[in-house]
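Input: structures, listed below.
The same chain A turns up in both complexes below, where it pairs with chain B and then with chain C.
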Partner chain A sequence: MTAAALPAPKAAGVAGVAGTALAALAALAGVALLAHRPGIAGSAPLWFWALVVAAWAFTWWANQRMSLLALPAGAAERTRDVAVPLLFGLTCFVLWEVVCVGAGVPLVLMPPPSAILERLVTSVPTLAADFNQTFVRAVIPGWALGSAAGFAVAVVADRVPFLRRGLLPLGNFVSALPIIGIAPIMVMWFGFDWHSKVGVVVVMTFFPMLVNTVAGLGASGHLERDLMRSYAAGSWDMLVKLRLPAALPFIFNGLKINSTLALIGAIVAEFFGTPIVGMGFRISTEVGRLALDMVWAEIVVAAIAGTLFYGAIALVERAATFWHPSYRPARGR
Partner chain B sequence: MLDGVATTDQRTDGQGGARARVIDINGLSLTFETRDGPVFALSDVNLVVEQGEFVSFIGPSGCGKTTLLRVVADLETGTAGRVLVNGVPPDQARRERQYGYVFQAPALYPWRTVERNVMLPLEIMGFSGEERRERARRNLALVNLAGFERKYPWQLSGGMQQRVSIARALSFDPHLLFMDEPFGALDEIVRDKLNEQLLQLWRHTRKTVLFVTHSIPEAVFLSTRIVVMSPRPGRIIDVIDCNLPAERTLELRETPEFLALAQRVRDGLRAGHSYDD
Partner chain C sequence: MTTEALPARPSARLPSLPARILSSGPVAIAAVVLAILVGWYAMIVPMNAGLPSMPKEGSYAELTRAAWSLERPVLPAPHAVVAELWRSTVETRMTSPRSLVFHGWVTLSSTLLGFALGVALGIVLAIGIVSVKALEKSLLPWIIASQTIPILAVAPIIIVVLGSIGLTGLVPKAIISMYLCFFPVTIGMVKGFTSPDSMQLDLMRTYSASGLQTFAKLRWPASVPFLFASLKVAVSISLVGAIVGELPTGAQAGLGARLLSGSYYGQTLQIWAALFAAAILASLLVLAVTLAEKVTLRLMGGRP
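And then the complex of A and B:
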């Protein structure tokens, strides 16, 4: 095999990393294509499974080798940092593919990735309409409204002691309410369209934000507050110049938790009444029609959207709380 | 009890004339009510500090020296007695922004640059933008930190951070400087250096300084007067005049006069402890 002829790991550069990765990719592509050939698909012989195990072992070895390489910072290291997770993920998908195709697993139980991808490509207009209905109209506005309301109430509760004492236990209670109980009520209140989904998302995201912000507002240190007092600072200065900046890590934590809650809330809420569009609607109806490839296509869209949403918040967080010990660079003068 | 007035009146410091009473503490007591019963933090404290003095408070941990400073700064309230700062109660003095307070830790805000940390009190007190920048520059230069304006506090060493906090306390030019063990967390070499710088700073600005410490050499080296305190309840057990020359260098600490003063402080601390052992 070509990989055996590669130079010793320590001397490897971009070429070494790329060579190893390409060899592993070739092995994966080989078994994936082979699985679809007539005579193998649905009734794969023993030698095919032996080949699959060998390809798997080879990619394992390739990833192991790349991970252990001592590379100088630069192009080679960057290539490796991309290649290793990519190869790992591809291996998982190819194994899923060849097992489903080779063993002839019924589509209803588990469609192979290729079928999901095919469905994804051919159903772009439907998926885009569902994405627009659920993510753009329900998740984002609900997340923004719920988080903003939670934040605002936390700031007010901070000034009004009885609200702080009274709201937090109530918050714990409401956040323990099951969404499947709230969703039908919201549909009764706000109708079948996206408004009721926004309502569900607001209810789900309000209290995590409230609790996080209240905790954050109490997070500034004694000395920092005494300092403000020694300047005879008013409560507005105290809030804007000390307590809110100190609360930022907590606030972003709330926003990140809420981004996943909002997606779950909006999708599940559509199970309880919706116009004939939406990701949750599609999942519930396509399951009924045993079109599991479509269900998986929606799941892929939801996963990508949720990851990007979370990632975007994390990026803003990093920029806004660069001073926090978990982000700031090592001390350098 | 020892009254500060008696000692200050007899003092000759080469400047002559009666000076304004900046701090006037009369029969001050402070009791904290805790679950385990009352804790007597301060008991019948009497002290007068005049303009331009550098007064150190020394005593073992828990003797109430920090609490005393916090009462004068209106960060704590006494349960009995009377405190006047420039003739007004502490809360009014605080609202009039008469003092700058340097805490045990630098307490810099990590999201602000060094410059903007120094500008924090100026923003709150409503100085113009130009004035803020000018004062930040001037006070950072005063603590030898010119050129560090754009750094963040966490990019500086502990000693530099504490110097930033001193620049911040000086930035709005208060009459009074309260310092609560400002160098307690620093190593001895850095502490010596900062002691010298602080002394120069005090001579430059002629501010009245109240300085809490638990280091005898630091107290003798810096002060014009040393207040020795004992714990449980926090009381003043001795007030020692420190008539060392105004021009002080670290070598001074080897002289017999310095050692004699240090010995007297040590004796006072020991006397305060004797009934405890």
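And then the complex of A and C:
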């Protein structure tokens, strides 16, 4: 905190800071390797913990130096903005590893990241089957169906103001409810297999999409609408050529919110009953058998799947709304 | 459809009063709710038709009567759910494990504890993030990225791990609620603390205000609207966290437990009643936050 008052480091300091960061990486690697040495693993002496704290302090100092570095906007700054959280995350993982291994924390309580990684690598077929059951069969179809239904109802509601006035407050209200609770009902209706999970995901994703699309369809400005009207555009042209494109950022926002909701919905719905495959099934049964490394491996898969799903939507968004930031300056010219 | 969004033209006549009442918000909401109820009632006979206890043939009235009196319907009638809710809240002793008030309180207490802890943690983290540059650069990207992963899946681990070191009941569920709801609070409060513009900050500087004074008199008050926006999100996911936290323990107490045991034993009415109770609880919590927001903003001198 006190370092915030220091003057910004000179440009010549960049190399020094990068060196510090690399040294921090080396320190982390050293501590992690040391923790696994016989004689330290499980019964680490005091000097080892002192070393761990020192390494931690050193990486924090490296992060501090990197963060306070005044960089020109551009590649160097972007690299820094990626490097700092990476080093921080790595530090957290190494601390997790070192504490678990060094203090000999039992596997049933908290497996170290290395054990989780090992489990991840050795049980790829199981994880792949679970991923297929939950993500490919339940999350993706449910997300697509729920979002499409929300979108369709929003377009209809947009044409019927009465419907919109009735649906929008309800949609906002329902979005705050614990919809996940319909999982047992869906399991009862559609059986244990993926159909019931699709049902849960459809209901969970419907309302955020409805609310976002309705908001988006109202996002185009009066000027643009007047312009369209002066072109004698009908309501269809108005929708397709102006209001839907203007609504795209909102629609993508809904899709992104839904990507996380869909994954949560499918996993939690599996806690209520599944065939013997699926990410939620695996989490709930392996946790009962205290095989926490498997549970964590499943969570890692879920995290990667969620991030990639979100990232894919964000990429499509960038491709579809590339015009959006450049639109206004062009109009002002 | 396109003209109604335009500002009213001076020449345009106002619609008559009955027409305005008919197209007003509450009437529209009531109409949609009514349509949902009608659709629900219409679905009862077809949805339950496959049950062995349903007559195979008969007039629609007979079928309806049979479907309404089913003990374990596939789709219960709304009035049956309300009756079950009434029976399990008002007509059952509150301490009985059959009472939804009892289960609702179990869920509510861990929701509120987790909410309080999560909000406190979220605010502390946000203060740290806005005051320490390195913390902002290191932590904020992770907090934002964590929104894309289903962190709720960690809930069973927390229940089991804390259970194995002897912590059961309220605290593990509250911890799940806490870690779910600190994310939106942190993100909202970082936005709130950084919302004062440079002019306001410069003014504080001309008063030679210290960092702490700027925080207490400018950043903190400016962040209050952001705080309440995050609180509304946080309180509803806190409830979801508490409900999901009740699942892995094998259905002991709480609304989640009611859902799970209803699912085990095919007690559909119990599931629907628990679901309605959870929905009512969620709306009461959001309503409470909204009221607190209104009162606070008014006390702070905001225009109603």
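The rule is simple: the second predicted complex is superposed on the first by the 269 of 333 C-alpha atoms of A that agree within 3 Å, B and C clash if a C-alpha of one lies under 4 Å from a C-alpha of the other, contacts with A are read in each partner's own complex, and residues count from 1 in each chain.
Following the convention adopted for this analysis, a residue touches a chain if its C-beta (ideal position, glycine included) is under 8 Å from a C-beta of that chain, and two chains touch if they have at least 3 such contacts.
In this text the structure is predicted, and so the values were computed from the model without any measurement.
In the superposed model, A:237 makes contact with chain B only, not with chain C.
In the superposed model, A:299 lies in contact with chain C only, and not with chain B.
Once the two complexes are overlaid on the shared chain, A:140 sits clear of chain B and of chain C alike.
Touch criterion met: A:67 reaches chain C, while chain B stays clear of it. Judged by the touch definition given at the top, the superposed model places A:245 against chain B, while chain C stays out of reach. Put chain B and chain C next to each other and count what each touches on chain A; the higher total goes to C.
In the superposed pair of complexes, A:229 makes contact with chain B and with chain C alike.
Common to the chain B-facing and chain C-facing surfaces of chain A are residues 229.
Contact residues on chain B toward chain A in their complex (touch as defined above): 73-75, 94-97, 99-101, 103-105, 107, 109-111, 120-121, 123-125, 151-152, 154-157. By the touch rule above, chain A contacts chain B in their complex via residues 221, 223-224, 226-233, 237, 241-242, 245, 248, 321, 323-325, 328, 331-333. On the chain C side of its complex with chain A, the touching residues are 1-2, 4-7, 23-25, 28-33, 74, 131-134, 136-142, 145, 147-150, 152-154, 156-157, 159-161, 164-165, 232, 236, 239-240, 243-244, 247-248, 255-256, 259-260, 262-263, 266, 268, 271-272, 274-275, 278-279, 282-283, 286.
Within the complex formed with chain C, the residues of chain A that make contact are 1, 4, 60, 63-64, 66-68, 80-81, 84-85, 87-89, 108-110, 158-167, 169-170, 173, 176-178, 180-185, 187-189, 218, 222, 225, 229, 235, 238, 256, 259-260, 263-264, 267-268, 271-273, 279-280, 283-284, 287-288, 290, 292, 295-296, 298-299, 302-303, 306-307, 309-311.
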